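Presented below are the structures under discussion, each in the form of C-alpha cells.
One chain, subunit A, links the two complexes that follow: it is found with subunit B in the first and with subunit C in the second.
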Partner chain A sequence: MNAPFAAAALQPKDFKSGYKPVWCPGCGDYSVLTGVTKALAMLELRPENVAVVSGIGCSSRIPAYTNCYGFHGVHGRALPAATGLKVARPELTVLVASGDGDGYSIGGNHFLHACRRNVDLTYIVMDNHVYGMTKGQPSPTTEPDWRSKLAPGGTGLREFHPLVIALASGANFIARGFSGDPNGLAALIAEAVRHPGFYFLEVLSPCVTFRPEQRGWKEAVHPAPVAPTDDPGRAARRLMTDDGFNIGVLYKGSRAPFTGMAAAPTDSPEDLECLFRL
Partner chain B sequence: MKPTPSVSVALAGSGGAGVMTAGNMLLEAAALAGYYGLMTRTSGPQIRGGEAAAMLRVATFPTDGQDDRFQVLAAIDWQNVGRFAAELPLAPGSIIVGDPAQGEPPEVFTRSGARYLPVPLKQLAGQLAGAWPNMVALGVLAGLIGLSFESVEAAAKKAMKKGLEAGIAAARLGFSQASSLEGFSLEKPPSSSARWLITGNEAAGYGALRGGVRFVAAYPITPATELLEWLAPALAKVGGTLVQAEDELASINMALGASYGGVPSLTATSGPGLALMIEALGLGVAAEVPVVVVDVMRTGPSTGIATKSEQADLNIALYGMHGDAPHIVVAPNSLADCVAATAWAVGLAESLQVPAIVLSDQYFGQARAVVDAPVLEKQSLERLKAEGAEGYKRYALTESGISPMAIPGTRGTAYTADGLEHNEGGTPSSQTADHLAQMDKRARKVSQLDPGDAWASIEGEGETAVLTFGSCTGPVREAMARNGKGVKLVSLRLLSPAQPERLRKALEGVKRVLVVEQNHSGQFLRYLRSEYQLPGEVRSLRRPGPLPFRPEEVRQELLNWEETA
Partner chain C sequence: MPVPSLEDFMSRAYTMELEATERYAQFAEQLDTHNNREVAQLFRKLSEIEALHAKRILEEMGWPSVPALPPAFAWSGAEAPETAPFDSLHYLMQPYHALEIALRCELEAVKYFDDIAAGAAPQRVRAAAKEMADEEREHVALIKQWMKKVPRPAAGWDEDPDPPRIAG
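This part shows the complex of A and B:
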C-alpha cells in the first residue's frame, strides 16, 4: 500500500466527481468514499476501467461521487447487476457498494448466491445497523432492543450475522473494516481488487444521525488478534465468537473465480441454422 | 379414403410411455416425406409419470395452427388421458387406436362417434427384444395417415441413439397393422423448399442470437426453460454466455448490468417471473439500458397452469411498470416469426436504449413445426455509442430522444446510470424541469420509432376485419383461407408503441371488427379501445387458455356475423 505513485499515476482526488454527497455531516460513508478513491489510486487504475455498482440507500449513493463508471440500480439488486457487468466485461474492475438494509435484507438472497458464485467482485457493505435514507428504521443488523418509531418496543429479532452467513454461503474472502480508518480501508479495498474472486468487506460505518451512539465505535474497534485463516471451520468459530469489532482479513480461501463469457466464438449465429435445417 | 391436405393425429399415454419421442419422430418423418407439420404438447403437472399427449398435424401447406378435430387418437394406455378430452376433440369419422390390454377407451372419447380400432401395442412390442409400444404406435399412426415407411425409418435413424433396430422393427409391425385398417391419406406433398424443423422457444433463442444477444441471465420456469436450455450451449459457440441466476430479480438485473457494459442482453421467463422483473424493467427505462425479456406466456394469475398457454400477460407487459415508462412490446404472430420478432425486439431495445418485452406463449414455445426457412436480414438496428468527447452528457436532450451511450472502458465519458431522475449529465435531480425534460425525451425516442411494415401482418381485403396478435393468428388465417374473400386480417406485431395512424389506414373501408384473443377479460380489446379508433361494430371472440381457437370457430363467428349483418 505504500508503493510510490508512478509519474502519470492519478491521485485519489482524481477519482472523485466533486458532486456534493447527500450524506449528513459526520457520516461514516464519507470515509468509505475516501478509502475507495485512495485504493483506486494505489492500484494505479484508470477511472474509466472501474465500475461502481450499487442499489438503494445512503451507502448506494457512492457511484456518482466517483469519477468511475457508475450504476445506481434498484434496491437490493446491486450484486446481480455487478455480476452481469463483470461476467460480460471481465477486464473491468467492478466494485459493489451496499448497506445493511440493501445488502442483507431486500438483497439477502443475492448475497448468499454471490458468495457461492465467486465472481471477481469487491463487495463493500457499509453497515450502520439502521435504515438511514428512510430515516431510522431497524435493519437486519439492528440490536433487538433498539427502539424506533416503526418498532417502538424494539424488533425482538436476533441480529443477522453477515460474516458468518458469508462464510456459510461459500464466500472466499471475508474482511471487516472501519470507516474511522480510511487508510486501513483503502488497504483492504486494494487487496480486495487484487484478489481474484468475490471479496466481502463489511465496513462499520456509523450513522451519526439515527445512531449517534455509534460514534463510540472508534473506541471499540481493534485489529484482529490473529492472522486470517484459510480453514472455514476455524473461521466459523472465530466469527461466531468475535465481538463484532475485529478489523482486518478474517478468512481467506482459494477457490477459483467464476467466469463466463466464451473466450472466442467458434461459430457465427448463422452457422447454428444447421441445427434446424431439414 | 379421399386424400386431404391435412391430417391431425394425437398420441397419448402416461409419462414414460414415450409419446413425445414417438410424436417427434412422426413429425420428422412427415417433414422428411416433404410435408409441413406441427406438434404441440400437453401434459399433466407431474414431474414424471403423469399423462401426456403429443398433438400432431401433417399438412401440404405451412401451418402452426391446430385443426378443428383429430382424425386419429392413439393411446399407449388410457390412464388419466381422459383429462385431456377438451384438448383432443374427435368427430364421427375419427379413429381411436388403443391397446385392448389397457381397457376400453374412455367414454369421453367414444361418445364423439369415433371408431375404435384395438391394436395390441404392448403385445406386438413384446415380440421383439428391446422394443417399446410407442414405436409400434408410431408405425400405426404413420400407416394410418399414409406416410411411407422409409420416412419413418429415416426419422428413427436421426432420433434414436440406442435400440434403433428394435425400434424400427416395432414401427414396422405397427405399420403393417395399419395396412389392414381403413385410414386416411394425404394429398401429395408440395414441391420441396428450404425448411426448418424448430420449436418456438428455439426460434426465439435463435432470433436473440441473430439480433446480437451475447449475454443471458435466467431462472428456470415452465414453459420458457427450453429456450434457455437451447441458448446455453449456443451462446458459448458464438462467444457469449448464459448465467443461471438465483431468481428472476437477479436475472433481469444481471442482464441490465451486462447491457450497461455494452453487451446486448436478454432474459426469458413466464408470467410469474415477468411480475418479479417489473421493477428492474422500470430501471431499464429510467437509466436507458437496453434489455429484452421474452415472456413465454402461460395461464395466470399466480402460478396458474404452468404447462398451458394463454395470452393474459398483455396487460402487465404494456402497463405493468410504475411511473410513466415508455418501452417496447413485440409479439411474434407465427411460430417461425419467433425468430424475426425476437431479433427485431433486440434491435429495437438496442437502438432505442429501452427494455423490450417479447410476448411469445406456451403454444408457440413448446410446439415444434416444419416451417419455411425464415429469410433474415442482418441486424441493422444498433446501439448509438458515445465516442470519447468533451462535455459528454449521457442523457443529452437530443431531437430523437436517443443520446449516445458511453460504454465502460471508454475514456472521458464516465457517468452513472441511474434509476433516480437525473439531469442531462446523469446527476440525480429532483427538479421539476429535469423530470419533465427527461420524461419527454424517453417518450420521444419510443414514439418516433418508425417500424415500417413490420408493425403488423395485414392479409386479405374486406369489410370485416379481424384484429388479433400472437398465436391466435394461425387459426384466423386458416378460417380466412376457408371462407374465401371478404375478410381482412390485421395481426399486430408491435404492441407498444401503438401505431394508431397505421391501423386507421389499414382499416379504411372496414365496417366491422372482430377482436380475437386468448384471455378471459379481453385485454387486447381494451388495449385497442384505449389506443385506437376502431371503425363500425366491434365484437370480441375470446376465451382463456389453454384451448387454442379452432379455425372453424373463427369461421363460424365470421359467417354468423355476416348473415345477421
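This part shows the complex of A and C:
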C-alpha cells in the first residue's frame, strides 16, 4: 500500500543539532525548540537557509540546539545583529530568540526600534517573568509583589507590558503563544516566517525552577476570544485590558517591511571624505 | 476531526508513536544532563518500545518511508494523545513517576482509539481503531505491572538539601 501523503522533505529532528539542551527538566524552552523545528519542517525550509540569532540567557541558548546558522550574541543585542543580517542577506529566514530580561531590559531600546523599523524578522521572546540563568532575580515582567530572598518584599514596580509597547512602537504583527502547546507554537512561528515584516511572538514559557507556580499557567491560558484586528486603536484597547493569557494572533498590520536603502550609495570614499573636510 | 480512510488513520497512529518515541528520548536526555541516570534509562527504554510500535505500523502498512501529515492536521489536545507534556518532569523524579507519566499517556491513547472505534468512521477504520485500543490496553496492564516492581516515592521525594531556588 502506498503512503497516504508525499514524504516530507525534512523532519523536525533534521533541524536539531547534536548538542543536548541543558535547560532544567520541565522548562518551557524545550517546547519552544520543538515549535521552532516543527515550523521549519512545516515550511519546507532547509537549515542552510535559516539563521537563529540570540542574546544571553536560558532562552538564548536555542541557536546551539539547531543546525541552522546561529549567532549567540551579546546580552540584549540580538535584534541589531539580526537586523543587520537580514538587510544584508534578505534571502535568509531570520529567527531571533530572547527572554524577558534580555529582550525587555538589557535590550529594551533595541526592541522599540526593531518594532519601528519593521524589518522582516521573527522575534520570539520566551517570557518567564524572571532571570533564570542568574538564579532568579526579578525581570521587567515580574509581578510587583513576587517575593524572593533576592527581592525581599517584591519590587513594588509595575510590570513592563511588552505587547502594548510593541504596538505603540510600530510592530506590525503581535501574537502570544504558550509553551504547553508546542504544535500551536509551531503554527504561530510558521505564520510569523510567512509574514513579511517584524513579527513579535511572546511565548509564555514557565521557569519551573525559580517560578514553580508557573506550572499553573496551563490552566490560565485560553485562546483569544476575538479574531485578530488590523486596527491599531482597537488592538491598543484590547492589549491594555488583556489578562496576559490570551493566546493567538492579537494584531495583524499590513505595513510594508523595511528592506534596506532604496539604492546603494554611489559616492566614492573620496567624495564622502570631501563632505567632512573642514 | 473526521478520519476518512484507513491510511489516514494509520498515519495518525504512526505519528502518535513517533512523537511519543521522540518525547521519551528527549526526557531521557534531560535527565541524563541532570545526572538522574536511573530515570533517564527508564525513559530511554520507553522510547525504544514506542519506536518498535511505530516501526510495526510502517511494516503492517507496507509504507517504505515515513508518511507526512497534511498541513491541516491537528489533534484535539495540544499534542498527540500519547505524548507527555514537557512540564511533566522534575529533576529529582523517580522511576515510579516516569511510569505514572507513561500510564497517563497510554490511557489517553486508549481513549483516543476507543472514541474513533465508537464513532462514525468507515468500518475498516473502526475495526483498526478497536485493535489499536486493545493493544494500548495491554500496554496499560504492562505498565501497571511494572509499577508494582519499583518503589513508591516516599513523602518529600522532591526535597533538595541544596535547592536551586532561593525562596522568599
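The definition used in the following text is that the second predicted complex is superposed on the first by the 252 of 278 C-alpha atoms of A that agree within 3 Å, B and C clash if a C-alpha of one lies under 4 Å from a C-alpha of the other, contacts with A are read in each partner's own complex, and residues count from 1 in each chain.
As a convention for this text, a residue touches a chain if its C-beta (ideal position, glycine included) is under 8 Å from a C-beta of that chain, and two chains touch if they have at least 3 such contacts.
Since we're looking at a predicted model, the values are computed, not measured.
Student: Would you sort A:D181 into first (subunit B), second (subunit C), both or neither based on which partner it touches?
Tutor: second
Student: Between subunit B and subunit C, whom does A:G18 touch in the aligned arrangement: first, second, both, or neither?
Tutor: After superposing on A, A:G18 lies clear of both subunit B and subunit C.
Student: After superposition on the shared chain, which partner residues are touched by A:P80: those of subunit B (first), subunit C (second), both, or neither?
Tutor: Touch status of A:P80: first partner only.
Student: Who contacts more of subunit A, subunit B or subunit C?
Tutor: Comparing touch counts on subunit A for subunit B and subunit C gives B.
Student: Touch test for A:L278: subunit B only (first), subunit C only (second), both, or neither?
Tutor: A:L278: touches subunit B, not subunit C.
Student: On the A-aligned overlay, A:V53 touches which partner chain: subunit B = first, subunit C = second, or both, or neither?
Tutor: First partner only, subunit B.
Student: May I ask you to decide whether A:R215 touches subunit B, subunit C, both, or neither, giving the answer as first, second, both or neither?
Tutor: second
Student: With the two complexes superposed on chain A, say which partner A:S31 touches: subunit B (first), subunit C (second), both, or neither.
Tutor: second
Student: Contact residues on subunit A for subunit C in the complex?
Tutor: Touching subunit C: residues 1-8, 11, 13, 20-28, 30-31, 34, 42, 135-136, 147-152, 179-184, 206, 208-210, 212, 215, 218 of subunit A.
Student: Tell me, which parts of subunit A touch subunit B in their complex?
Tutor: Subunit A reaches subunit B through residues 19, 46-49, 51-53, 63-64, 67-74, 76-77, 79-89, 91-92, 109-110, 112-113, 260-273, 275-278.
Student: If we count contacts the way the header does, which residues on subunit B are in touch with subunit A in the complex?
Tutor: It comes out as residues 31-32, 194-198, 202, 206, 209-210, 214-215, 217, 234-241, 243, 245-247, 249-251, 253-263, 265, 279-280, 282-283, 287, 370, 373, 406, 408-420, 426-428.
Student: Would you tell me which residues of subunit C are touching subunit A in their complex?
Tutor: 5, 7-8, 10-11, 22, 26-27, 29-34, 36, 61-71, 74-75, 78-79, 85-91, 93, 164-168
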